[in-house]
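After this come two complexes, each holding subunit A, first together with subunit B and then together with subunit C.
And then the complex of A and B:
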């Protein structure tokens, strides 16, 4: 399956035969007090730094979330999308729980965006999927509904099936434009949770061959040495069929683990990118003082 | 499946519900010129250092290989096994391509050893498996025979089936004492090779539920940043069913990736070992000068 995303001038493909798609998570006020205050004042100056750092780190798509408490999320999303598209040619992932913010982001966006996200709740499907269709976007879909976030991977698989049926049958969205989020939970809350995520990835991959993405940072939440956990988790999930993650693209350890897994899964012909990245790192180290 | 290994006083279990079994690869003269010369002179003084470093790094079993050119491997194996058992209570993996060296090692060994290894070649099976049975040892079996090292995972699976039939049926070895080596090859030689290893692991796990180990260092051979490759490979293989690896137990990055994968696969209840390892690292860093 190939999910094609586009900015005005650049195309990025998410797929099982492609390098893993690193979606930069950083443009998001959650847990960032200073950034939240800036957004309440309508100050988007921080966003340019976030873009630059993520591009330097290896992001291939950038998530944009403007959900700060008491801020005008709709207006901020419109402005942020324009601002980010003015400074990078990476495609964007328009991220909000507010339908009007998704709509404002999609209206402002030039290209084919990824919408983050919609659950299997009926009213959400009815509100979000027409937007996705009208803007010819791709969409991240979560297998939880009104009644539950299912623990059992097989129940999640049933919801995935329903999501695919509704998106393709009722709304005419192409199956290649569906990206499933298999629901990554903190291992620190319950050490059985990640097994369920991995099993869900395996089932969705075997059964539907759909592209998948998830919030990789969730997994290590609350634990020490988060980079160590994330650097193991992403390759594990990739081995089972995960094709993308919303992650900290500024974290060199994490990005290196993605690139190593790309090499091992034969998504880096001749290892050329792995070797080039190693050389670039060596050159930077030689140039660095001390 | 639970493969139980024992020294005189300690038991280690390889299994899908156990922490991943780290087998230290270091007591092996391959690629170590000074050590080879020492072994030719009958000097085993280096072995104690290798034991100490691997134990400190987190080895749970130690591989012992005395295959230096022009050295008396049989006599060295007998002495090395006694020496290592005198300084550590970890179970050992007796590693040789020479049947007499395996026999000498098993004769000298106190406990239940792991024998490394036997292929599906008829004369090797006939020579090695009676030894394994007589010493009530466990054995690493490789799915390659007289005619080929098969590239195709399904062909490897056929050979695994034959290995299991022969070991259990003809020699009366318990299926729980069989550890399959799914054949790890250098990704630098051909970037499609690791996919085949991963697929083999998945198939052996799904079909037979057997324990598996492999030489993890092979995978990164000839490539830059070997630790980066190994730290991604082992968690990937673990996600698909690998339960052990013969690896560099002195490499902190690699061991950390194993422990992270153990945590994520729910083999570290409450994350207690992950948290304790992090604290120990912090304490060492605080105590270290500078």
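And then the complex of A and C:
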């Protein structure tokens, strides 16, 4: 399955035969007090810094979320999408739980975006999927419904089945434009949870071959040495069929483990990118003073 | 084991979340003539307070907090009926729930543990709690405090809807309203008319005690 995303000038493909797609997660005010205050004042200057850092770290798509409490999320999303597209040619993932903000982001966007996200709740499907269709975007879909985040992988698979049926059947969205979020849960809350996420990835991959992405940092919530956990988790998930993650591209350890897994899973023919990255690092180290 | 040794052992075993040992020591203490209040106020509560303090400092992590909470809950099951018999009141009653439209519960559960650890009687309504269920629970349990948890910017507006429902039911003045969750801020809590906000579980307990103390002082004045 190939999910094609585009900016005005660049195309990025998420797929099982492609390098793992790193979606940079940092353009998001959650938990960042200063950034939230800036957004409330309509000040988007921080966005440019975050974009530059995510791009430098190796992000291939950028997630844009403007969900600051008491801020005008709709207007901020419109402005942020324009701003980010002015400073980078990477495709964007438009991230909001507010339907109007998704719409504003899609309206402002040039290219084919990824919409983050919609659950299996009927009213959410009815509100979000027409937007996805109208803008010919791709969409991240979550297998949780009105009542629960199902723990059982088989139950999650049933919901994925329903999501695919609704998106393709009722709304005419191409199956290749569906990206499933198999729901990464914090291992610190319950050490049985990540196994279930991994099994869900395996089941969705086997049954549908769909592309999948998830919020990688969820897994290590509340634990020490979060990068160590993420660096183990992502390659495990990749081996089972995860094709993308929303993650902080500034975390060099994490990005390196993704690249190593790409090599090991035959997504980097002759190890050319792995070796090139090594050379680039060597060069930077030689140039660095001292 | 003498009295002090037992209380110290109970404190230490709760701190590391050794549930079977905590239960044994609780039984042993009761058999040896210690009162439920002594076990609760001299071992269990101070131990959970220390867990919270360590968590806040970054020395303790989520699983350690959960396991300590579980150990304490086991002891509380034994002690609660005895405490009720002797007429010992809990610090306060707290009705808690994740708002309608939201299924996230990990943060809420951590707060519950710390509240119970501080001696509150916590009634957890779970996730996806509609305003009318909060109203019904407040009418039934007459809590001192009600807590609304939300993890999403889209579900945070339910705080206001819940508060409106309390006002409509004539309950707003009878209960302290606290709000929290990942995207929530003090400014947001103020804007929706909540009485209190805290950014983490430990701070939530401190804030709950402070608000309760203030309310009780005002009632006496």
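The criterion applied here is as follows: the second predicted complex is superposed on the first by the 290 of 290 C-alpha atoms of A that agree within 3 Å, B and C clash if a C-alpha of one lies under 4 Å from a C-alpha of the other, contacts with A are read in each partner's own complex, and residues count from 1 in each chain.
We adopt the following convention: a contact is a pair of C-beta atoms (placed from the backbone, for glycine too) under 8 Å apart; a residue touches a chain by one contact, two chains touch by 3 or more.
Predicted, not measured: the structure shown is a model, and the values here were computed from it.
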{"item": "Overlay on subunit A: subunit C relative to subunit B, clash or fit", "value": "fit"}
{"item": "Touched partner set for A:84, first subunit B, second subunit C, both or neither", "value": "neither"}
{"item": "Contacts of A:268 with subunit B and subunit C, given as first, second, both or neither", "value": "first"}
{"item": "Touch count on subunit A, higher of subunit B and subunit C", "value": "B"}
{"item": "First (subunit B), second (subunit C), both or neither touched by A:188", "value": "both"}
{"item": "Which of subunit B and subunit C A:198 touches, first, second, both or neither", "value": "first"}
{"item": "Touching partner for A:235 - first (subunit B), second (subunit C), both, neither", "value": "first"}
{"item": "Partner chain in contact with A:278 - subunit B first, subunit C second, else both or neither", "value": "first"}
{"item": "Partner chain in contact with A:254 - subunit B first, subunit C second, else both or neither", "value": "neither"}
{"item": "Partner chain in contact with A:224 - subunit B first, subunit C second, else both or neither", "value": "both"}
{"item": "Subunit B versus subunit C - smallest C-alpha distance in the overlay, whole Å", "value": "5"}
{"item": "On subunit A, positions contacted by subunit B and by subunit C", "value": "188, 191, 223-224"}
{"item": "Residues of subunit A that touch subunit C when the two form their complex", "value": "30-31, 33, 36, 67, 69-70, 73, 96-98, 144, 146-149, 186, 188-189, 191, 221-224"}
{"item": "Complex interface listing, subunit C residues touching subunit A", "value": "61-63, 66, 103, 106, 109, 128, 152-156, 182-185, 187-188, 191"}
{"item": "Sites on subunit B touched by subunit A in the complex", "value": "187-188, 191-192, 194-195, 198, 219, 223-225, 228-229, 231-233, 235-240, 256-257, 259-261, 263-266, 268-271, 274-275, 278-279"}
